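Some structures to go through are shown next.
The two complexes that follow have subunit A in common; it is paired with subunit B in the first and with subunit C in the second.
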Partner chain A sequence: MSHPVTATETTTEETPSVTSATRYKIKSGLILTRPPLLTREPTPFEAAFYLYQKRLNERLAVPFRREFYFRTDTAADLDWRLKLRERHGVPAKDIGRYNPRGRVAWNDEVLVGSETGMTADIVESLLKDAEVRISEDGEEIVDDERVPVERPMPRRTEADEKGDARRLDRALDQTLYLVVKKGEGEAATWQFPAGDVPTQEVLHETAARVLAESAGVNMNTWVVGRVPVAHYVTEPIFAEGEDAATAPKRRGEKIFFLKGRIMAGQADLTGNKHGLTDYQWLTKDEIKRVLPWDYYRSVRNMMADR
Partner chain B sequence: MFFALSNLRGLASRLFSRPALLPTTTTTITTRPFTTTLPSMASKPAAKPPSKKAAAGAAKSKASRRVAERDPKIVNMLQHFAALSPRRIPAPLRMGRNRHLRHWTIHRAWLLFRRRARKERERTLMRQQQSMSAACEELRLTEGPGTRDMGYLYRVAMEKKGVYGLHGVPIEYARAQTDTPARVPWNHEWKA
Partner chain C sequence: MGKLPSTLLRRPTSLYTSPSTSTATTGPSGPSSPRCLLQHQQLRHATFVLRPRRPYQFTQLVQLSDGSTFTVRTTMPSALYKSTKDSRNHVLWQPTEKSLRNIEVDEAGKLAAFRDRYGRGWDTEEVPDEEAEAAAAATQTAHVEAKKAEATQDQQDAAGEDPFDSLVDLISSYSKFDPNTKGGKSAKDAARDEGKKRR
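And then the complex of A and B:
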């Protein structure tokens, strides 16, 4: 591409005296993502199917033998018997009231609107089962004196409820992407952190440097590989009467995005060198409303489903 | 297979009743309570049995002592094995015609669900691969930065330095997804 430019050729119009290096600025950006921390919610169909399979399995499995697992008349045994009685004799904790061996073993359907087998129902029944109901002396513990079981944290956090898009502990079952706001007022645009690639640097070095310069060093990040995952090209703008052989009025941009992961920490824009005024951690759906359309279109293919 | 099953059948009851059924001479077998070898198939000692009267007396005292000494834990475990015997485990599922049709429908719906999920996953991966591929092609045809020749950045991007080995992937990356978050879902205070 880079033809040897002789003195005679420079005078002619046909010679490509301007290489693409002068027409395009090369930039390297980093799409910093926080991977999902939670599994996805099972769909209602999945939950119903798992319940169906568990009940079928009850019909095929060997009956539960209490004597094998609990020594008779110990506290643990009494506790188990008490809870078993409350579950109407069903040893499994997550299948609701179903007897696989009686005359109505065929009746394994739950009624319409029943919550049996849904995640919340299973969690509740397991928590109820985890509570110790019999003291070491074999006496039943009254309601007030039982030690409550430590409950798991809710899947929706405080930041979710407040809609605080700067926190990282929100939308825990989805990927979050770091977007920064460049400029002030009307001219401000949201984008991924990006910066020019100098001659002595390559993409991944620039990406790491730009991230440190713009969002601070207090983030435990990892740039996943050196291969760009997306790119965004702005064409150069030429003045009236000029063509592609001459230097453009405004150079185009080629932004190559690398993918990064954040493991801990938080962005901090104080003293950044790129004129950034704000940042957000957004999900795939939210980012669509914030980024300019053609910018979003060029990066949307690198995004995962959730 | 048939022989194996027939040998296992009633294993525990055989083991239970062994002291009473055992011939007085097979003392070597009684020391191994968990054997599956039938007494008739076990190797016979070469020595001849002692006289009838002495044998009867010895057998009675030994058998009673063995029953008395049997550990309740072993008894419990043997009873458990009895529950697991092929005679006791439930029969394979039998369904009426309508029940089976319903089961078949549920099964097909599950397969459809799985196929959709798989296709969706494949589409996503293909999308991401295409995005990378297009970016790499653009990079390959790019000159620069500065005085670098065409494809320089591409060649560097294709290098696999630091990918393999002990520190190729940070250890924090091995965190598995959970159903519920931790007490502190995210460490915002992390400092470099």
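And then the complex of A and C:
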């Protein structure tokens, strides 16, 4: 504003023309995310790498000394010796049959197609080893009297098996995003909850308000920051023979998306004010198939890989 | 390819001085100094570096109190470790979990028996009674009046009062407001009472 004369000139020039406020509506939306609850599965390469490191460590570390950990001929000692015999003398439970000090110590690679070193195999062998095999009297417990170890919960939940996309306890190792369906029948589109920004509100306030209006208040959510993470622009539509200087037939939209986190609760669309009919919690891959392409393209960079 | 200085300098009889050594010996004092003519030999014999003795490590499955599991490398030979107290059932990480807040567990009924016999005078926190509440509501206005009068009195003689008296009062009253010491109720009872209040 070093030249006030030019500034006044430009304003006088712009006054008759249509400002961008009449051509575009400003909207604010919220991309509500549920963070992953589980770490991801290691890739086959990673699993092979960790197995290699473990077998290498067998060669480098000092040998396991049973006497240091178990008093001789106690139940724990007998239990250990029994399990060690079944593992062919390998103290480690998850590296398969490998002798680091024998003549074939160099042979530390598993064969193609072997399950050794995979996560499922490791967990399985550890659970098998955790089972008590020797009673307190020092006698071996017969097979049908053994108490099996309680198995940990599977990585895939019931909602995963049923394919219920409305549940939040699905795809536990990936981020979920809330998408809502606007309209009925053929004209229905999936989108993120979004609404107009009134003059007296700012983006993050509108985003929080729109979420409460559309998906209910029974969610413990948190809007991450006040800066939009993505934006989507639709161009205004002008009537025949009109140009950009006049008011458009249909105004364009500039939607700014903020990022939100859900800590607890669930979406509830009953009595929403935005004409929403359905909702889903989708992963990045699933969202790609549901959203319109250009809409997805505008938000895809805010989504993490998983 | 030039020879390494160590191989050259290993022969003490050799009169040959490598150019690199001579340049290295010419220090800031200049080549004329007699000290610089002495060759400071750098020895690079291979020395045996002991590999650090690392203990044998197992892979262990750790199960937290909520059932989630992960594997760690540890020297402990047991295959499964079940944690009884961790971030999943500790009030610091689960502040909204009500059952964790109540520290008094009275499953055997010993505390209740004690209270039957000796009353509730020993409780750190006063348990509000319904009758007492009603009485309190009736006398509240009177209390407010009294407090107002007291406050004005305090303001009047604040200058002459010993400040330690009020501090002792403050300390002794502090334990009563500790939210973790809810006396006389198990977690179940507390939850039930809260349900009653809501209704």
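Heads up, the rule we're going with is that the second predicted complex is superposed on the first by the 283 of 306 C-alpha atoms of A that agree within 3 Å, B and C clash if a C-alpha of one lies under 4 Å from a C-alpha of the other, contacts with A are read in each partner's own complex, and residues count from 1 in each chain.
Just so we're on the same page, a residue touches a chain if its C-beta (ideal position, glycine included) is under 8 Å from a C-beta of that chain, and two chains touch if they have at least 3 such contacts.
None of the values given here were measured: they were computed from a predicted structure.
Applying the stated clash criterion after superposition on subunit A shows that subunit B and subunit C can sit side by side.
When both complexes are overlaid on chain A, the residue A:93 reaches subunit C alone and has no touch with subunit B. Within the superposed three-chain model, A:227 lies in touch with subunit B and out of touch with subunit C [touch as defined at top]. Residue contacts after overlaying the shared chain place A:246 against neither subunit B nor subunit C. Shared-chain residue A:126: touches subunit C; no touch with subunit B.
In the superposition on chain A, A:266 makes contact with subunit B only, not with subunit C.
Contacts of A:60 after superposition: both subunit B and subunit C are touched. Contacts of A:152 after superposition on the shared chain: both subunit B and subunit C are touched. With both structures placed on the common chain, the touch criterion links A:135 to neither subunit B nor subunit C. With both complexes superposed, B is the one of subunit B and subunit C in contact with more subunit A residues. Of all Cα pairs linking subunit B with subunit C in the superposition, the shortest spans 5 Å.
Contacts of subunit A with subunit B, set against its contacts with subunit C after fitting on chain A, overlap at residues 38-39, 60-63, 65, 152-153. Interface residues of subunit C facing subunit A in the complex, by the touch rule stated above, are 51, 53-61, 63, 67-71, 77-80.
Within the complex formed with subunit C, the residues of subunit A that make contact are 38-39, 54, 57, 60-65, 69-70, 80, 91-94, 122-123, 126-127, 129-130, 149, 152-153. Across the interface of their complex, subunit B is touched by residues 1-2, 19-21, 24, 26, 34, 36-39, 43, 45-46, 49, 52, 56, 59-63, 65, 67-68, 100-101, 106, 119, 152-155, 157, 167-169, 172, 196-199, 201-204, 217-220, 222, 225-231, 233, 254, 256-257, 261, 263-266, 299, 301-302, 304-305 of subunit A.
In the complex of the two chains, the subunit B residues touching subunit A come out as 76-77, 79-80, 83-84, 88-90, 92-93, 96, 99, 106, 109-110, 113, 120-121, 124, 127-128, 130-132, 134-136, 138-139, 142-150, 153, 156-159, 163, 169-170, 172-173, 175, 177-183, 185-192.
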